[in-house]
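Think of it as A, B, C and D in the order they're written, each chain with its own count starting at 1.
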């Protein structure tokens, strides 16, 4: 039987709320004892409705609560590393939203604190827990398509962020592609050793003026000899495009988009079907529950978490290399 | 703002448990105050875990509880009508699993009690709340395909029931096709006026020996002039096949099966994709939540329920006609 | 090595021209020596361009030509039986367009003449030679899906015929469904023993006034115990809908429509793909060549033709039964 | 009305035979007067069967024949440029299989001769005439998806060539990718300005030992700002994979593989559908006819051919750049 887990959620923005609700509704053996958010007032009704007893504006109250053994870090990215360190030092298990940080040095500091404390640490790369991609990984891992030769990820958003957001986002490669860098590592089980980013501003000039790109084809070489490609765009007008294709020596695997329904309408003018599910909340909702399930299982069974600190670090390294490739117009070795 | 609703669940078999869990997790304004099951002992741990306070072996305790304003009837079919009558007489709103009864007279008695009491009454035809079929209905209702000419439902189970079950089930037309009779009424918005059942025993001889059929193509005529067909089989080895097709004067609509993933594997020998979701629990889980949502909304907003008493009666009438058509080898008028 | 075959084509309407062109271009060992059409003048340029030496207005010239060993009968239906008899009596092999006749007695006379003469005789049920349907038959025949339980054919035209045509067409069941009656016999390898036609006038009232129906769901029972359904409509606004589905004890087979391209366009408003290939000329062009190939092979190798006289007779019998079922509102035994 | 065209076919290997047969069967106004092949003896029976009067071992006989106004050059690649020059000098229109040559200087010489003579010249990039890709080009050209942002071509062969062939093939980029370089130019209507080849030996080590690669992801930048990617592999075990995807500011277009049938088989173990059409002969047969049609139309109507000399030159230049990119491990500007 599973031990009782007492959780504090830090940061109650969109993703913090999702995690809190999923835990309350889906994990009877887990109690969300407290939640902290700088705008504590605004979340009060919502938190009370969920039966959460303590609502703080200062996350330190959670760190200091000795009954709380686990934190879910959903605050702004620049606070992840610091909170991770403090939580680790007080012996708390940690689920940390991606990315750990944009600064490699601070990631190392956070991971060192985690290691020293011997607590569980999981990074929020939720797409690994998606029904489609998890199945692809299983098929690859059991040898269904032999040795991997080519891995391709298509990841396009339905609408671009504002140029203001772009300025503070760390850039497309760290903000958006980071999920895809994780995905290719997850699918291939191999490390990226070289990256070349063919990128452009084709969606919104203001994004270019903010110093970023909005469309990219990112070429990859893997340690195991395979090659890969990530196809990103900040705007696909038909919606959130989330696909992968893998070619191996014994076959190929592809994943199509999930759609709201399977309805097809045929009229005199056309045959039409559903666009992809709108955006990540619709598309990946289930995966947020699944990643929590695996996180709590790792705690209960004292096993390695499915997305480790290294898994949090590597995509940032690849993202920084992609950025440099784009700036220097050449492939970058990692 | 929604009023507080206090629910008693009667019958805690598979579907009773699903409803109880869905209500506890998904409807903060609804309290499951009590649950009754003839095997109260066996459900104790589960019910306590859900936070349900009262666990009875006698459903009358729920009927007698004046604080409980709503019952969810999930007990065996032969008790539906009686419990409906008692719940109505005590002023309780009623959600009743399908079918209300196999006896038309008893259905009329139950519906009369409901009408006299003026309580809400909804029958558990959950497939109306399925994402695919609801979309089909919307498209038809808004005129997307003009006037309906032909409606077709494919509904095949992954595995046949035991011959023992068959004997007490009311027969395939009342046990299985009843969902499809509801579906064609729902989709067309028109009544069935004639039915011809072309049926056979092609899955399991023991089903035939138990006096039933296991495979059928059921031809329908509708009040609005349209024609229709239901394709049933107690066993499709590839899984739970749940599709519809509708032809209208301005176009056609079709619905494919839902699958666990969109993964396609291509090898030297074949291109393979997922089989349909395994059975009704996997396929229709969401619809069980949706029907509850609409039921509670009908109570809160004092509106007509989306599946009325008449909607519970009509499929039974069609099912009995199909049975007779099968026995007499000719079309039967309703 | 194949013997030289000398062909006379009788009737140069749309289908006669197709056969003549296919033979000239595709069968070097076959010579189209002559062509006959009541409007000989109108086809002169076309026939000369194809290198056909003799162009007659009277088909008897072809019958009398002793060098011609094979006739392709593409004239109007009411002449098929008579020409068949004359061609058989002069020892010519015969390819006859469907139907042989609408009169069962005349079909018997024609087939008797064929049998007496011992000539080859093939009926133009070209859909048996279609890439999709041929594959379905192969899969069934080699046991891929076990014993057949349910066979379903969807066959809808893109546009209805004129009411004038309807009057002389023999009615939908003999004019249009006849192909589908052949298809179910071909796919199942079993005879239809009962038919029930659920039909209506839902496309064009003028068709009803001309004494015919335009929409039908035709229920079938087969000798081997299987059941089936044919879904016909004189007008599907989205185009020529030609599909089959077969359910067996070990699996199911389905065939989707052929489309001009595999292009899918995704925009902000929709995801659209191609409508089916427009009509039978586009959809079945290849099958017209294939049926000729098998016909000439039957002659060269002295083997049974793939669509025999009985195959020409049976669909007419089923069609007449369907007509009667429709008139009398009850299933008809064959 | 079209003028009479007299053709000489030079080279009767696989593709030469296809062109000769297509012309004989499909173009009544075109006469194949002569055919030349170094192994004239071996093609005699075939050529006589087609009704070709003159069969030569020396192509000069065709060049010298003043009645012949058009040549179809299907000989080995190293002879294309020389024969083009000679044919141009004798005023003959020229259809030349791809590539014109691997040597850029010789291509220039050939094109200069063509220009000086003012004859028609078309290169055999047949995929432009494929039903799928032609439709994609039309949709792009008419603005259906706005401005192109990303173009992607997948082109994988079902089986690798022999290492011996690889040695004389000019390498994968010039032998195989050349079609894809043409395709991206055709689809985008824009020139490639930079190429980066991420390539590896993942199919057959012997290909690597022969100095070539067998798997590649080729990144492209276009003059109009769009970016692109070509995905090549010498072996996809599931068959000939020929797809494109284009993303534009107003939508996206994708093309799936053509398959022999649309049959889907669902069993207890899986849902399977057809693999792609086997190889280029099956997949692109129709396009070989279509390119001839447009070529002869260009002659008859005195219009520009749909694949000009420049269209023959550019893919070679891109291929050479890709080769260099691969050797130097960096993007190459054109």
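Please note the rule applied: a residue touches a chain if its C-beta (ideal position, glycine included) is under 8 Å from a C-beta of that chain, and two chains touch if they have at least 3 such contacts.
Computed from a predicted model, the values in this text were never measured in an experiment.
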Between the pairs C-D and B-D, the one where more C-beta pairs touch: C-D
Reference chain D; chain at largest CA-centroid distance: B
CA centroid of chain C to CA centroid of chain D, Å: 39
For chain B paired with chain D, centre-to-centre distance based on mean C-alpha positions, whole Å: 58
Two or more partner chains touched - positions in chain C: 236-238, 250-252, 266-268
Chain A residues within the chain D interface of the complex: 147, 149-150, 152, 156, 196, 198-200, 202-203, 215-217, 219-221, 225-229, 231, 233, 236-238, 241, 247, 249-252, 329-331
Of chain B, residues touching chain A in the complex: 25-26, 28, 49, 131-132, 135-136, 139, 144-145, 250-258, 260-268
Contact footprint of chain D on chain B as seen in their complex: 236-239, 266-268, 270-275
